[in-house]
Structure formats: structure tokens, C-alpha cells
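Structure record follows, encoded as C-alpha cells.
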Amino acid sequence: MTRGPIRIAELAERLGGRPVEGDPDFAIQGVGSLEEGGPADLGFLRSATFAGALEEARIGALIAPPDVDVGGRPVIRSSMPNLDFARAAALIAPMPHPQPGVHPSAFVDPTAKVDPEASIGVQVSVGARTEIGPRTVLHPNVTVCDDVRVGADCLFHPGVVVRERCAIGDRVILQPGVSIGGDGFGYEFNERGEHEKVPQLGNVVLEDDVEIGANSTVDRARLGTTRIERGVKIDNLVQVGHNCVIGAHSAVVAQAGLGGSTLVGSRVFIMAQAGSAGHLTIGDGCFVAGRAGITKDLPPGSRVWGFPAVPEHRWHRSTVLVRRLPELFSRLRALERHLGLRPEGRRPRDE
Amino acid sequence: MTRGPIRIAELAERLGGRPVEGDPDFAIQGVGSLEEGGPADLGFLRSATFAGALEEARIGALIAPPDVDVGGRPVIRSSMPNLDFARAAALIAPMPHPQPGVHPSAFVDPTAKVDPEASIGVQVSVGARTEIGPRTVLHPNVTVCDDVRVGADCLFHPGVVVRERCAIGDRVILQPGVSIGGDGFGYEFNERGEHEKVPQLGNVVLEDDVEIGANSTVDRARLGTTRIERGVKIDNLVQVGHNCVIGAHSAVVAQAGLGGSTLVGSRVFIMAQAGSAGHLTIGDGCFVAGRAGITKDLPPGSRVWGFPAVPEHRWHRSTVLVRRLPELFSRLRALERHLGLRPEGRRPRDE
Amino acid sequence: MTRGPIRIAELAERLGGRPVEGDPDFAIQGVGSLEEGGPADLGFLRSATFAGALEEARIGALIAPPDVDVGGRPVIRSSMPNLDFARAAALIAPMPHPQPGVHPSAFVDPTAKVDPEASIGVQVSVGARTEIGPRTVLHPNVTVCDDVRVGADCLFHPGVVVRERCAIGDRVILQPGVSIGGDGFGYEFNERGEHEKVPQLGNVVLEDDVEIGANSTVDRARLGTTRIERGVKIDNLVQVGHNCVIGAHSAVVAQAGLGGSTLVGSRVFIMAQAGSAGHLTIGDGCFVAGRAGITKDLPPGSRVWGFPAVPEHRWHRSTVLVRRLPELFSRLRALERHLGLRPEGRRPRDE
């Protein structure tokens, strides 16, 4: 990571005027972890707990909480060292931005409107009447179908597909292979008891600052809109069914799935491999643990675990008590013997 | 949604001669939900239960069951309002069909046979000796490899991959990013105890009217064929292992997975995030609940839940009783005290 | 499957000099299963257990363990019939290898170095400064971004994406739609309590002989490297989070997921739909059962089941005892009645 150098004092200034200790002219060349970073790299210390790792670290400079000993290294003091480090990394090692313009191998429908500052990459396809905003980057082999509106400063990685009539806000990031606007899973039984497709006539809206992970899928609404609100972050291989709404600033971790018409509030966490049956409401601020399965509405602020999902303490208690079932059987058997209700003898299988 | 208009009387006729009440000349412009549809849209009422929603609805016309009050709106009466609405939607707001022909940016191998009525989109790749049937649409960035046969009226959305020697029936729909014919997960341990790849020499057959959801994967057979029979519907991010057979008119919901050589009967439902170990048989008409994990063969008509999957009533009972474990421990402790087998005192941790 | 023929004696020689019984000049035309193979096909018998299937089989020749009766067919005797059959299949029915060279529809950046023996397929995109090794095949619509190094004899199926700065060893196979190097799921809360993206500056390294299944995703490291070591095999729709390390010769089955910074030892099996929370260590030689959920470090050689994952025998015992909960409640009730602690009467709901 060497796109610098930048003086540590200048960096501290750009982070909002943080105080610097040690040589203000220390030249930061890159960023690194405590384990792997070198003497010209900037690292960070999340809290005093991790300070032990500094003894063997070769890292040259740090962002660290106030008052934590950093072994004499140049240091930017911050009460949010992890956040400031993220911002520092974006300044020191920025993503290279491709040239604006349309690559000759790309196809842009003549009726599409591509902002002159946008970058349309190798073998991209942009459909009829579609609009691509300023500074948006479409990497190779991206497909944006007809009548889509993509805002400014978006980044679509290779292999992304956005189907017709979807709308994408500003600063939206789609990792490789994301599918936006596939048909929802909607069928009706016909006269022969066979599945007959219900046309999926709605669309998907991704609001500003949404990011979606590799190969995740967000289905279009049957009618109306599947909506991912502002600032939502979705990890890899997540399924979002038709007509879902995910409220602002929520996060959905890898391989979780939301059945059709799930309404998720804002600032919710849905952890990895969790799932929700369809037509449920998950209130604002809920926490759904990894692998939990939601089967009924959750009031705001719920914290649930397990399947069917129950409040955290109940799940922990059940888990512990299930492990104590052998003891329970054995105590019960002792009682029965004490009362002469059960002959002495071989312990039954499985107890 | 405005591709109409169509007279409600004409629509009723095309739905098989359904009776109309109210103005037969009412001009339907589009379709809509009860919540969002406007005065020129057609909606539907699934049953009398939902009639309350009509009070505030702006929807102009309806398909509704006989005898349900629709507030004086023009109405098509139907005993299957949801199915008739699906068909009406396909008539009123049909998917636009791209022009037939091969886009100049597409590559079609000279030995391939593409029907003149087929549409081969932007940057599509069609392999050697592959056949594409009439009216089939390949959207941008689709790859169909060598020696594949694709039938008539299929629809492959962007980013779909069909690997060599697979066979696709008529009216098959593949959503974005579907992978058909990837190698099965097959290895043997070699002399050094390392995984050595077993060539995956079989193929995949998708019969007529199959639909597969975004980013789902169907692996080719080791030898022979992985077969998805007529009318099967598969949702997003589903895994179908090598040599599986899924019987006609079954449905597999999002993120479910079938291990290699699973034989699924016809008209089976496998719900979201369920899974089956390999080499099992799931009989005709089974229902596998969401998140269930199948570990043994299921006779026809089974309804199973949980992991390891058990019949529905047993799973519900276990679930309830596990929640009552704290009570069980406390009743047992009371008995022990009653008999003087356990001293009074602090309640043990976790009870 | 007819790419042969090959004499059975010659095949036996090429498998390392295995003994042949029956006609050494028998001409093998293809390979087949016991169920479907024909009289010119070679099949195999895994062990004597399966010999019953031979009675109805039309298969012409076999690889079989010593001393098992094969009904007089020409036979190659082997103590590893399944492994030898896999190798025989690769000899008899080899994957066709595309012509070397760059297809005219592909885009190769002028600064990339593509070995003259490599095959760059239809509409492939190869980024700046990227290197593609000898005999490596990139199938249609593959995207390899900037500054990637791909070794020799790799095979990338259609739709694969490898993002910038990743490094791929020799003989690596990526099935359709695989995403290598997508951004890890990394955010920090900012001053407004919103998720702010942490730049993902690391990369992914896939060592020699790795294979990854369709639509699986391996995220790049935040800093440093996400590493899949030599000989690891990953199935379809698997998620590997940022900064994971998977040790040599391990296997991860379909739809499993590893949270960020999971360290998996060598020769580990992680079965289908299993998951691991992040920042855990799974020791060498562990076996993680299907659908298991790992919540703490596992010492080498552990075999775990269930969620939260526990040792195999404990999980089986718990599973059995949970099913016996109705009996437990009923025995407890009997005791209570015996002691006069509970009135006779209606059985409570749910027992």
C-alpha cells in the first residue's frame, strides 16, 4: 500500500484537527495492521487492551486513544481510532478511479443518458432510456437494463446486473455478481394444480449510500417497490425477497435471507445465516442473532436468537438446560427408585 | 404500469368468459395493489377477508370472488381471483419482447444454430454446435457454452451461464446470474490423502416450464444427468447438487440446498434455507419446512420440520417442551426437597 | 461419452501398472455408471457391497477391488477403484481444451501479459498489468481486474470475477460466477451512528490446486491477505469472509459460511450449510457437521454438530433426549401424583 506519502500532521488536520504527538513531519507511506505493517506504515490501536501487540510490531506510526503508551512512535490521538483509521486509509490509499468515458467495447443504447464524467467499462451493457449519473463507475461485464436510473458516484463491480425500471441512488456500491431486480418468487396454482407465474411488475429502489455484497440478490416487487433505504449495508449471498423494505442504516450479514414482504425497521442488525419468514415486521433497532429464524413480528429493540427465534436470555437458558437433559433423566430415575417405582438395573439406552 | 387500455368486458372474455358487474366499457390502464393502485388500475381481492382494505383504496376496478361487496366498482367475478389477476396482469402489462436477431456485439459460433425468431442480446456468447430455439431471448452478458440445446420461448436474464452439453426445454426462465452445469463437488482421496478431482462428465436437463431464481446453481452430474422436471420452480441462491432429480411441479424456496443424488418427488415443497443430505429420497407431495434439515428418506406426503427433521407435530411439541425446561427443573427440585433428597438453598445456576 | 477407444491393458498400464483379468484388448469407448453404462463403457465397483448391482448392469468392463466377482467382464484390479476410475475417466473423456490465443471479442489491456499458450475467450476482460500463465483458460465473460497474477493451467468458467491485486496459483479451477476479492463487510459507526465504510485494502491469494464452486464468494482482506491454501476444495454458494485463512487440503461444502478472520486448519471438513462466527480458530483435522454453527475455537481433531456446535456424541444424546421430553414430563407427573403433589385430572396442554 504505497500511494502516499503524507505528513502525519497534515493527515491529523484532514481528520478534523486531531492532536499529534512525536515528529509532525513523519512521512506516512501506507497503512498496515499491527502484525504486518512496516516502519513507514500507519496503523491503529482500537483500545488500550491491544497495546501489548505493539511490543513486537514494526509499525511506524499510529492512531491511538489518548493516554495509551505507543512506545514513542508518532501518533495521532483520537477517541475514535478505528473510525479515524478508516478515514485515513481512504486518504492514504484511495481506490484508483478509472478514466471517465465509455470504453469502445461497451454497448450504450442510443437512448440512454450517460453523464460525461461517468466511466462505462469494458463490455458493459447499458439499456434503453437508462440514466447513469456523474462519476459513477460501471466495471467490466456489468449489465444495466432498460429504464434504470443510477445516481452519482456509484460503483458497480464486474458482473453486476440491474434489471429494468429499478432506481439506484447516489454513492451506491454493488460488489461483483449482485443481482438487483430479479423476478420475485410468485406463483399461483392453476386449474391443473401447477404453478403459474405471477408477473412481477414492480421494481427495486436502492437509496443513497447502500452497499450490497457479492452475489447477493434483491428481488423486484410483485407490484410496487422493494426498497432498501439509505445507508443500509448488505453482505454477500444475502437474499431479499420481493416487496421487502429494509429501513435506513440497517445491516444484513452474509447468507441471511428475508422472505417476501418482510418489513425491517431502521438500525436493525440481521446476522449471518439468519432468516425471516415472509410478511413479518422486524421493528427498529432489533438484533437478530446469527442463524436465528424469525417466525413472528418483532417489536422494536428485540434481541432474538435461535429457531424459532426467542429473546436472548431464553435462548441461552434453553441451550444450557438442553445440555443438562442427561442429568435431568438421571435425577428423575433416582427419585423413581427411591419411591420403588422403578426397578434397579441397567441404565436405559440414551440416558 | 400503463400498457393498456383494455375494456374490462374484453379482459373478462379473455380470462375464459368470466361474468362482469358494472360498466363493461371501463377502460383498464394498468394493474395495481389495493394499497397503491389508482382509479384506472385493476386490482384483486383474494377473499372476503381482505374486503376491509377496499374502503380506503383508490383502485378503479377489481377481480373478486362472487358475492363480495366491492363498493360499486366494475368487477370481474372469479372463483380464482388471484390466478385470474396474474393472467390479467400478463395481458395488461406484458414483458416487452426484444427484437429477434443477433446483436452485433454478441458472438455466435459459426457452428451454432440460432432460430431466426430468437433474440441474442448484447455481448452474449453462444458456443459451438449449440441450438437456440424460436422466440428464445438471451439478455446481455449471457453465456451458453458448446453443445447446448435450448428450446423455444425461453428467457435467460443477464449474466446467466449454461455450461456445455446441458439441455433446456421450452419456456424455461433463468433469472440473473444462474449457473447451470457447473462441476459437481466430487473428489477422491489419493495416495497422499489429498483431494483428487473426479471428472464431472454428465450434464443438466431442465425440462419445460422450469424457472430458476437469481444466482442459484445446478451442478452437472458426475455421470448421467441432473434433472429438473417439468414445471419445477426454484427461488434465488438455491444449491442443487450433482445427480439430483427434482420431480415435476415441485418448488424449492430461497437458499435451500440439496446434496448430491437427492431424489425429490413431484409436487414437493422445500421451503427457504432447508437442506437435505445427499443420496436421500424425498417422496411425492412432501412438505419440508423452512430451515429443516433432512437426514433420512421421507415417505410420500411427509411434512417435516426442524433439524434433524421430524414430523410437524413432534417438532412443535419438542419446541414447546424445550421452552418449558425451566419449569421441569423446578418441579423436579421441589420433589427432591419434598423427599428430603436435596437441601434447601440457593437455586442452582441456569435453572 | 465417446472420446476413446483405449485398450483396457493400455489403460491399466497408464494407471500405474494395475493387473488386468479377461481380454486385454477390450476396447473401452467411454465411461458409465453401473445403472446407465453400456457394453463399450468402463465402470467401477467401489467395494464388494455394490456387487449385486452388476447382475442387471450392461456395463462392458470394470475397475474393481481384488477378488470381487465381476461376472466374467474384463476388469482392472485396484485397491482404490474409485480413485483409479476418476483417473481413467480423465484419460478416456478429457475436457476439450480451447485453442490458445486471445479471442477477437476479448479485451486485454495493453499492459497485461498473457502467455501465448493461454486461451482468452469470448468477451473476456483482462486488466492492466495482469499476468495470465501458460495453458490457463478464461472462458467467456470472465473478468480479471488490474494487477492480478494468474498461474499456469488454471480454468476459469464463464462469469468468474477476480478483482484487483489478487493472486491465483497454478491449476486453480473457478466454477461459473465465482467472485474473488470482493470487499469485506467492514464498517465503523461514525459520529451520526451510521455505518462508514472501512477501505478494504488487502487481497485474496488462492494457492495451487484450489477449486471453488459456482457463485461462491471469497472476500479480500481489510489489510493483508485472505488465503486459501494448497489443495482446498470449496463447493457452491460458500461465503469466505475477509482475512480468513483456510489450511491446505481442507474442504468446505455448499452454502457454508465463514465469518471474517476465521482461521481454518488443514485437512478440515466443513459440511453443507455450516457456519462459523468470525475471529475463531478451527484446528487441523476438524469435522464440522452439516448445519453446525461454530461459536468458539475448536481444538485440532474436533468433530462437532449442532448449534451451538458441540461434540458429536453430546449432540446425538441431546437430540435423542429432546425427543423424549414428552416421556420425561409424563414420568414427572406420575411421581407428583404418587406423592399427592398434583391432583388427578386433565393432561395439561402440550405434554
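Observations on the model:
Letters A, B and C name the chains as they come in the text, with residue numbers starting at 1 for each one.
Assume a contact is a pair of C-beta atoms (placed from the backbone, for glycine too) under 8 Å apart; a residue touches a chain by one contact, two chains touch by 3 or more.
A quick note: this is a predicted structure, and the numbers were derived from the prediction, not measured.
Residues touching across the chain A-chain B interface largely differ between the two copies, under half of the numbers being common to both. Superposing the C-alpha atoms of chain B onto those of chain C requires a rotation of 120 degrees, given to the nearest 5.
Averaging Cα coordinates per chain places chain A and chain B 25 Å apart. The multi-chain contact residues of chain A, meaning those touching 2 or more other chains, are 123, 141, 159, 177, 215, 237, 255, 273, 322, 328, 332, 335, 339. For chain C in complex with chain B, the residues that touch the partner chain are 1, 31-33, 35-37, 80, 82-83, 86-87, 89-90, 93, 95-96, 103, 105, 121-123, 139-141, 157-159, 173, 175-177, 211, 213-215, 231, 233, 235-237, 249, 251, 253-255, 267, 272-273, 290-291, 319, 322-323, 325-326, 328-329, 332, 335-336, 339, 341, 350-351.
Every residue of chain C that touches chain A in the complex is listed here, in rising order: 107, 123, 125, 127, 141, 143, 145-146, 159, 161, 163, 177, 179, 182-183, 185, 187-191, 193-199, 201, 215-217, 219, 222-224, 237, 239, 241, 255, 257, 259, 273, 275, 277, 293, 307-308, 310, 314, 317-318, 320-322, 324, 328, 331-332, 334-335, 338-339.
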